[in-house]
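One structure is given below, represented as structure tokens, and several questions about it will come after.
Per-chain residue numbering starts at 1, and chain names A, B, C and D are given in the order in which the chains are listed.
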Amino acid sequence: MSGVRRIGILTGGGDAPGLNAVIRAVVKACAYIHKVSVVGITGGYAGLVELKARELTLDDAGGLLVRGGTILGTSNRANPYRYPYVRPDGVEEMIDASSSVKRNVDKLGLDCLIVIGGDGTLACGERLQRELGIPVVGVPKTIDNDLGATNYTFGFATALEVATNALDRLHTTAESHHRVMLLEVMGREAGWIALHAGIAGGADVILIREIPFKIEPILAKFRARERRGRPFSLVVVAEGAAPAGGEQVFSGQDTVTGWKRLGGVSAQVAREIEEKGGYEVRSTILGHIQRGGSPVPVDRILATRFGVEAARLAATGQFGFMVALRDDEIVAVPLVDAIGKLKLVDPGCQMVVTARAVGTVFGDEDPEAVEAAEG
Amino acid sequence: MSGVRRIGILTGGGDAPGLNAVIRAVVKACAYIHKVSVVGITGGYAGLVELKARELTLDDAGGLLVRGGTILGTSNRANPYRYPYVRPDGVEEMIDASSSVKRNVDKLGLDCLIVIGGDGTLACGERLQRELGIPVVGVPKTIDNDLGATNYTFGFATALEVATNALDRLHTTAESHHRVMLLEVMGREAGWIALHAGIAGGADVILIREIPFKIEPILAKFRARERRGRPFSLVVVAEGAAPAGGEQVFSGQDTVTGWKRLGGVSAQVAREIEEKGGYEVRSTILGHIQRGGSPVPVDRILATRFGVEAARLAATGQFGFMVALRDDEIVAVPLVDAIGKLKLVDPGCQMVVTARAVGTVFGDEDPEAVEAAEG
Amino acid sequence: MSGVRRIGILTGGGDAPGLNAVIRAVVKACAYIHKVSVVGITGGYAGLVELKARELTLDDAGGLLVRGGTILGTSNRANPYRYPYVRPDGVEEMIDASSSVKRNVDKLGLDCLIVIGGDGTLACGERLQRELGIPVVGVPKTIDNDLGATNYTFGFATALEVATNALDRLHTTAESHHRVMLLEVMGREAGWIALHAGIAGGADVILIREIPFKIEPILAKFRARERRGRPFSLVVVAEGAAPAGGEQVFSGQDTVTGWKRLGGVSAQVAREIEEKGGYEVRSTILGHIQRGGSPVPVDRILATRFGVEAARLAATGQFGFMVALRDDEIVAVPLVDAIGKLKLVDPGCQMVVTARAVGTVFGDEDPEAVEAAEG
Amino acid sequence: MSGVRRIGILTGGGDAPGLNAVIRAVVKACAYIHKVSVVGITGGYAGLVELKARELTLDDAGGLLVRGGTILGTSNRANPYRYPYVRPDGVEEMIDASSSVKRNVDKLGLDCLIVIGGDGTLACGERLQRELGIPVVGVPKTIDNDLGATNYTFGFATALEVATNALDRLHTTAESHHRVMLLEVMGREAGWIALHAGIAGGADVILIREIPFKIEPILAKFRARERRGRPFSLVVVAEGAAPAGGEQVFSGQDTVTGWKRLGGVSAQVAREIEEKGGYEVRSTILGHIQRGGSPVPVDRILATRFGVEAARLAATGQFGFMVALRDDEIVAVPLVDAIGKLKLVDPGCQMVVTARAVGTVFGDEDPEAVEAAEG
């Protein structure tokens, strides 16, 4: 017997389609199988610092499967170890609020905490367990699919669908107008969305941070297609893509001022293509559309599997683990092994080789070879 | 008997979902009913200046109903009266190429020309008929739905669906993160897409060019919602929206350099909201995604109806007309009456009144009244 | 001053996408504009007989725009004039329960009733007003779009999208397998869904109740297409379609036993095509998928406009009217004029002519003419 | 050097979304990487018996990624070892036409054959290689995902999306009408689609062939939900599902006469629920909608990866293999090991355990335990 009676659950970091499906699965598995109660904590770790929480029952779980976002709310900044505190004199400073977390976990009578979030949220959970003895089970969430310990995370397939649909729409306009259409997608560190969407949407060029690009092979591809009677092209750019030898420039999807100031990587790529190649370019920045809305079936299933396994680990007293997907099975991996491992696109991996085989250019090719390949 | 044996067809201006469905309907109606042949002209009027055209048969019409873009290609610049010509010395100048058009219409043996396009394309067609005696039938195309002579045009419902889907996705993120999410949609002159998508997507604020906005009522709406426990809001901005008393600033969706230079109206609105209201804002610019891709059923039907009626007018010798939708029936209106009439949103119209009745703010309200209304 | 302080609202008959959007619009308009309260009645008229109701506030309206079904529930059988009553001896009989309705309207303190429903629900409302003096405002709901007094009703565009998407999917299979694919859609009396979806999905044959069909012109169409190298065809059948000179056979989408017993009209058509034409046929019956789920943008807008206008009529004391869409404007028509008027497809209407012009066969053509038309 | 200059490609069996994407990938990889030519064979093995084939170039590959069906056409019956032959006296008999296949492979100058299809198509290919020495590479296709040698096949994710969307739509109607909604999906042998869609769509009951069901636990689930204030339920039935101890009854999705005669498994389940439970039931049979239309992104990617690897195997002379997905990598498995291995749902597998954990009933439970679990 684990003695677990009451499990807390929180969602941290940016939202992703499937968060609510995880919450639902935890609540349902706890009700149907484990007979333990579930407490939803509001606003990520902030809800533990400021004690905002409420019981979650089967009735609360109704309708959650298809719903985007998280009913618990989330907070990007809610790190209990660097928590914003406004002093009586009005100055805001960062304090260590982890003792409040510990106190409120006890006050809520929680035997375990299920934390759903990205690397930061999981690392926080691991530290809370290690330093303060709060039992923790982690559920990985990263829309960019860049967590090393799991093959896939929920939300990624939905982002892929949004990005691919956008490419499908841009395709017909590119074809009708003889233009270069450029789509900037998420992916500051890892280019998985750009890579997958680029293959699924038939992009002629994919630019990701892991493969620094030059402009010449890109223009060579455009010329080769033009010669073959296809005077239009689709380019997918991860927001973190950067030219070879150059500096990385974030597109600043997250700050409007950033947009204005920098224009983003897609603006720079577009300008290069226009100026050096003489092509008309149109750009679209998908932004937050990629991370909202109802999850696609694949993400609902993965989120449900994660939630059921997290509930099992928590209810049976197997703390300190994170659930993960490996070879189509959900497994538990030690949290301490899982955090801090960024999964980047290996330029030699099968997916990149596949994309190259259907003629997609990454910007690191020899321009003459690109032109020759088109036949 | 009209004596019409051979009809030319071209698509001009920006693309819109449904162009191919019009072409298909013309080809089919000409084959099944009128027994006249159809010649597809490539690249808008450019195909008439440079004689690029090919016969279109029933086989060419297969699969066109669901396909975005236009198989004939289009050209934004192809005005036969100001046609780009490169002189032997390499200098480009604009010449009157209408005599080439006339010559090539004769060479192709065309008894009539069906021109599908926006106000510019239609005006050109009207002038070709008036000045050179080329029989013309027009089909209106404007994704912004801003042509005065017809209630709706194809492509608008598809753009509406894309914009509404984007709002649906942004909604869940706004809710989870307690943010203001801002969506910039097409509409430089007329705010129809913003108005319709705003109602369909439940936007809290709709900004369009026809109703100059102030920032205060917008912030009042945010505050009122916050007080009611809804600390997030959705804002739809037409790219032509402009502050009251201020200057209009195009967002420059069409030029990447414009983006960088100006940041667009949505960037400006976002900055105002962040600075004056203290809210976190995230912006998305949909851009060309709104005008590409497979048309929704409503647009396929309207395009088919337009095409069938245009074929009938052309085949029966009723030239100088444009097809239009009025009270759910397709009618023929004189081209000369149809062109040059921009249809703007009347700030007192039923749709705006409807949006206000469900609590949507347009930025011209009294801030105190906005706060009071929320209860 | 109308003196109206409290409005009841109910939904009757089968569900349709957009019901919740109407409820939301009524609640919002009553809160933001009219400052009157709204009471939601549960289960259609049954909630008035059995007094099941609850206050609806702005908070209840949140999230309703995108949600299919009706939060108030509905009942197909809840006619207060023929209400099922179980006697003490266990026998069920039908009684007149209208006096209970009157009593409960008073008990709830309702100054007016907004009834959302089909012809039956609306007729009931009109009678309650006429006989018992209960002030009523009607909102038309019919997924078949067969109410005479309004051009369109919400839910129809969503059903059209579902049916068209199904045709798009069947198209590729038909093409790959050289088969006849048959899709049965809703429409017992009126064939609007079949007609619109047939045009939007490029059906080769459309069968509706208003145009009794023969099998020969259908087979002639298949043969003609085959000769032209297109050995596959798409057939859309309204569930009420019937052969010329024959008896109507409902497909019994609503009863599983009906399916088994009769097989439905699509089964009969399929058998005829297989036996007389020698074609391989595959059938799909869409059933209730057509009336559930999130409404498409066009339906959300129409539902919102209906709701806002119904709230205005109710709050300002203009009783006995039904809201309707005419030439793109929402108008009020006397309930008494609106009920009992079924809107059928006129075989000579522009939509049917359009469908025929693109080569669609309805089954009333001369087979030889059909073969000749294909060229 | 493999010496391979010319590769034939054919698609056999029922269609599946992604077939065209495989063809495209093969053509592109052969053009860009391997510099070998590709010959498309029409109508599956029939095209080899009757010599119907044509060169496929990069231009033919354009637009194929998003297109459902197969441009090569397919045939369910085209087994070269039992090929239908009409004798001069008009009698049809089955003959061994494999020698024609061999002759035509030589006539076309094919160095290898890529066969894309289900178990039957692949087994035929393996036999052609073994007996006649025709070099073969296989690509697995099964919309039911029931091939043992590969984790997933293309088309399955698309079928899952169609089925899940249908469940989403039925959900709102079930909720509004207090009904049991039943959805019959594909899966004669293996219940993967029902299992996955049931989890993704939140079904209360999933019935598959691998877990024979009783009606009592199903009714117990309905009662338990009713008691909890949820008087409606969703049931997903695989077409091959069968009651415990009873006989399997195919629903006969493929024959209209079958429908009429048997009513299918869903009709029988519906009748049982209505008669024994007293619930109102509505059934939908998705049929061929599940296997047509544009593939979802995940299927496009998998199809592309399969195609690229098949091209590599063929072009480099590695014959007798089938491509497969294992732990997210594409691998080559010997054809002889891959065929004849049906992959069924193991009733104890993690996916079934997951579904049970969120309260889904499979019909093999103890009815009292089902009622107790709901709380």
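To be clear about the criterion, a residue touches a chain if its C-beta (ideal position, glycine included) is under 8 Å from a C-beta of that chain, and two chains touch if they have at least 3 such contacts.
Only a predicted model underlies this, so the values are computations on that prediction, with no experimental measurement involved.
Distance from chain D peaks, on a Cα-centroid basis, for B. In terms of their C-alpha centroids, the spacing between chain B and chain C amounts to 31 Å. Our note on geometry: chain B versus chain D, Cα centroid distance of 41 Å, whole angstroms. The mean-CA centres of chain A and chain B are about 34 angstrom from one another, to the nearest whole unit.
Residue positions 168 of chain C are each in touch with at least two other chains.
If each chain is drawn as a node and touching chains are joined, the picture is one closed loop, every chain linked to exactly two others. Every pair of chains meeting the contact definition is listed here: A-B, A-D, B-C, C-D. Contact residues on chain C toward chain B in their complex (touch as defined above): 24-25, 28-29, 31-33, 58-59, 62, 65-66, 151, 157, 160-161, 164, 168, 196-197, 199-202, 228-230, 296-298, 300-301, 304-305, 308-309, 311-312, 326-330, 350-351, 353-354, 356-359, 373-375. Residues of chain A that touch chain B in their complex: 14-15, 17, 19, 67-70, 73-76, 162, 165-166, 168-173, 175-178, 181, 254, 256-257, 259-260, 263, 266-267, 270-271, 274, 281-289, 291-294.
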